[in-house]
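What follows is a group of structures, each given as structure tokens.
Shared between the two complexes below is chain A, which has chain B as its partner in the first and chain C in the second.
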Partner chain A sequence: MSEVLNITSLSVEFNINGEYYHAVNDVSFHINAGETLGLVGESGCGKSVTSLALVRLLAKSAKISGKALYNGRNLLDLSLEEMHQIRGKQIGMIFQEPMTSLNPVYKIGSQISETLRLHNKISNDEAKRQSLEMLRKVGIARPEEIMEEYPHQLSGGMRQRVMIAIAMINNPQLLIADEPTTALDVTIQAQILDLMRNLSRDFKTSLLLITHDLGVVAEMCDRVAVMYAGQIVEQGLVDDIFFNTNHPYTQGLLNAIPKIDVQNKDRLQPIVGNVPSLTRMPKGCRFATRCPHAMDRCKMESPPLMEIRENHQSRCWLNDAKVV
Partner chain B sequence: MIKYIIRRILESIPTVIGVTIISFVLIHIVPGNPVRIMLGNHYTPLRAAELTKTLGLNKPVWEQYFIWLGNLLQGNFGFSYTYEKPVASLMLQALPHTIIIVVVAVLLAHVFAVFLGSVQAYFENSKFDQIATVINYFFYSMPSFWLAVLLVIFFSIDLPWLPSGGIVNTQLSNPGFGDWAKHLILPIATLFLVSVAGWARYMRSSMREALLQDYVRTARMKGSREFRVIFIHALRNSILPLITLFGLSLPALLSGALFVEEVFNYPGMGLLYWDAVNARDYPIIMGVTVFVGLVTVIGNLIADILYGLVDPRIQY
Partner chain C sequence: MTDALLSVNDLKMHFPIRKGILRRTVGYVRAVDGVSFDVKAGETFGLVGESGCGKTTTGRSILRLIEPSGGQVFFNGKNVTKLSNVEMRKIRSEMQIVFQDPYGSLNPRYTVQQTLEEPMIIHNLYKSAAERKKRAMELLEVVGLSTSRMNRYPHEFSGGQRQRIGIARALAVNPKLIIADEPVSALDVSVQSQVLNLLDDLQKEFHLTYVFIAHDLSVVKHISNRVGVMYLGKMVELAESDSLYEKPLHPYTQALLSAVPIPNPEAKRERIILQGDLPSPANPPSGCYFHPRCQSCMDICKTTAPEWKEIEPGHFAACHLYN
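Entry: the complex of A and B
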């Protein structure tokens, strides 16, 4: 299978009061053609920064290193002009905030057709026709009227459908969806996920799905990368992540999902504590302070990402102990 | 929309009437007597009493006010004491001169301020931004009459390129358009420089905020180039505060034009008003006051209408 995206040792540093701190630290993953990769983790672990870094939408002050190969071209080395041609045409992106991601002063129709016209030499009428068709594909009822309406006249779910239309209209090879359903209510979430799954299958688009919701991951993804405090802590096929869970953090995330069928239904099992702050990263394993299995070694040495079975890696000293 | 405009105009009538009452009372409280100024060297108590009676100044102020208001409602602005001409015709003569400098200065200042503020916001804290900020504050803190005098010193005396005042060169037998335009440059430049500075500051902060919005990120994600991101996506959102300022600037510029016209001896509404105040020419003072009141109302109305055109979330 060919790789659409291959990220190697991606690091992002931000300048906080004159010093640089890693928000993303040595992250590597790849996405095959037509595949859906889930990037999972709690808020502040560097998921969004990773995605914005690879399309180069972070503030200029962010220091990015590593490689992000898109079809063999390193996105981090391309000129601005080359990036303009890739964004919106080859890589589409959907954001978490449907309420504010559309420009409030332009009509829906013109915001969709803009994406077409930026990348294709087509007439007004043709752009309008294709935009209308795309609105139909994302399941918007009465698209002719919606074309003439403004974002504030639409609900959150409809706006996210419009965002999907904008991201997908040029038939990109890769779609990055950064928490696309987080701001929506549950019934709409399912519809939007369904829509994204169907569209990416029909358009043969690879999908990088960023989420903190393991339910979404189970439903959508082929493979999963779990991020914690700027690092990938576990990576593997979706079945392995759910049924052969290795890293204590992943286990913690799974335990934290509310279940309706278990006996002790009155108690959720949260992961105690908080994500360490950028400026005070622990020396050893970054999860050690919250980990129920933490050993002395975990506090001193940072564990590497270890291959624990084929296509399944985990960043935990427990695996090393087993080997020894 | 039309309903809204009519309602706004009706609502503004009490405001304008209130303004006239206050101005009328104030101008009568201010020391100085038009009769004394009119008679000058020919002053005798008898003549003064006669003239006071002819002008109706012997009546109580409230009665004078209602006579004036009654005339105004019939479209009669009264008769100037000093020029002995109808106030309306004096104002009509002066108005085009003021309109040309104010409108040109406002439009140029707005276009330039929008552009400068946007570019400053985009290159926030760069050398360019810092230098522009210093220059902005320099002109922002400068009173218009002082700037006008400086411009006259530089461009009319040190470098005699431009006329120091008036609207025509009386020494030319056939002063054409070029000569007229030359007389407009310094007054327009003064008004332009004092307005552009403040507006550029507003534009800078408004654009700064707009550039951080999610829809700007969406625009970039679509593949828009930076010029498009700034001037198509962010601009229309960040220009709203400047539209409000545009409405407020019309009357403010008329009063700013007052000092500027005085310095340049430029025969517009400002100079007419200035001379009238010095001569206690009440009918002219009141006429101009009503006019400025109307311009304020109209300026705000225009701003509100523009607001609705730029931002689809606002509907009337």
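Entry: the complex of A and C
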């Protein structure tokens, strides 16, 4: 399978009171053509920063290092002009807030055709025709009227459909969706996930799906990367992540969620404590302070991402003990 | 029912829509439109529904934080809707609320101690400052926060810790009933489960009764004994938690449950995908409010609102399918 995106050792540092701190630390992953990769983690783990860094949407003050190869070209080395041509054309993006990511003063129609006309030499009429067709594809009823409406006239689910239409209209090879359904109700979420699944199948789009919801991951993804405090702590096929869970953090997340399909009134098993702050990262393993299996070594040395079986990596010293 | 601590009867909250210079009322948003349910002492009653279904408005109008436009609320046998402001203030020490937003619901200029002591002062619970302080320290311990942080301000705490402070504040006046309005939806999963366990422990320790309002169906299932499902200001189904989740009767509940993503890649099930969006409560559909999105819609549904009926013992629903 060909790789659409290959990220190697991506790090992002932010300046806090004169000192640089890693928000994303040595993150590597790849996405194959037509594949859906889930990037999972809790707030502040660096999943959104990772996606913004690779499309170069972070502020200039952020220090980015590493490589982000998109079809062999390093996105981090491209000029702004070249980047403009890739964003919206080859890489589409959907953000969490369907309320704020549309421009409130432009009509829906002009926001969709803007993306088209920016990247293709086509007439107004043609752009309008294609926009209408796309609105139909994302399941919007009465698209002719919606074209003439403003974002505030639409519901959250409709706005997110419009966002998807904008992101997909140039038939991108890669779609980055950052918490696309978090702001939506479950029944609308089900509609949007269904839509994204169908579109990525029909257009053979690769999908980088950023979410904190393990239910969404189980339903949508082929492979999963779990992030904690700026690092990938476990990465593998979706079945391995759920059924051969290796990292204590992933296990903790799975134990902590109440399950709707299980007849169970037992106590939940939370992960104790809180995520360490960016400025006060533990020296060894970043999860050690909350980990039920923490050993002395974990507090001293930071574990590397180890290959524990084919296509399954985990950042945990417990695996080292098994190898030795 | 005699064992009901809280009894809500045909509660209505209609917000007027005003237009023009004269601010004439041109219509009403029926945020809550005839909701009835009982909550027994010591139980957790879950209230679920999507945004805009009126679950939060229900919670607030029970406490008369907003004045309901119709119906009655009985608390411990007293008709809360008829009480004067002074009497209402007294009874509020027995009914407390925990809000959704742990960032917005704490006064940023109050220390934790001030936040916890304010309700005690309002309700004249302790005579001396020393007693209040002792109680505030107890409360912090109860919710699992270190008493050394009594003099800190809300911004120095994480979301989960702030929610614990919000819970401690509700407990400060020894309430019988706590209305928890989306208490964990702003929290990350690992912290969410800590707070859910805490609520569970507190209920056992202090014999609390909860009305737990949330949109997350898995969370509601976990914590509730009985669950009511709301749609567009009306209760559509109410049952014991297990029977509701195992055998949902109303087509809306069925669709809602099937839409929840299950964290198990091998879970196979039929998903009912609802078409369209929630209609506006200012201009609800005719007949059954759910009929334009319902898969089992019949002719009668378009014209006549279904009756609220007990279909199986303890399992209520409002749907023409069960006539």
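Note that the second predicted complex is superposed on the first by the 318 of 324 C-alpha atoms of A that agree within 3 Å, B and C clash if a C-alpha of one lies under 4 Å from a C-alpha of the other, contacts with A are read in each partner's own complex, and residues count from 1 in each chain.
One rule holds for everything that comes next: a residue touches a chain if its C-beta (ideal position, glycine included) is under 8 Å from a C-beta of that chain, and two chains touch if they have at least 3 such contacts.
Note that this is a predicted model, so its numbers are computed, not measured.
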item	value
Simultaneous placement of chain C and chain B on chain A, clash or fit	fit
First (chain B), second (chain C), both or neither touched by A:Leu102	first
First (chain B), second (chain C), both or neither touched by A:Ile260	second
Touching partner for A:Ser43 - first (chain B), second (chain C), both, neither	second
Partner chain(s) touched by A:Met158 [first = chain B, second = chain C, both, neither]	second
Superposed model, angle subtended at chain A by chain C and chain B (C-alpha, nearest 10 degrees)	80
First, second, both or neither for A:Thr115, with chain B first and chain C second	first
Chain B versus chain C as contact partner of A:Asp213, first or second or both or neither	second
Partner, of chain C and chain B, that touches more residues belonging to chain A	C
Closest Cα approach, chain C to chain B, once both complexes are overlaid on chain A (Å)	9
Chain A partner contacts - residues on chain C that touch it in the complex	50-51, 158, 160-161, 188-194, 196-197, 200, 215, 217-219, 221-223, 242, 245, 255-267, 271, 273-274, 276-278
Chain A - residues contacting chain B, complex	55, 57, 80, 84-89, 92-93, 95, 97, 100-107, 114-115, 118-119, 150, 152, 163, 166-167
Touch list for chain A against partner chain C, complex	42-43, 141, 155, 157-158, 185-191, 193-194, 212-219, 238-239, 242, 252-254, 256-261, 263-265, 267-272, 274-275
Partner chain A, residues of chain B touching it in the complex	213-215, 217-226, 233, 236-237, 310-313
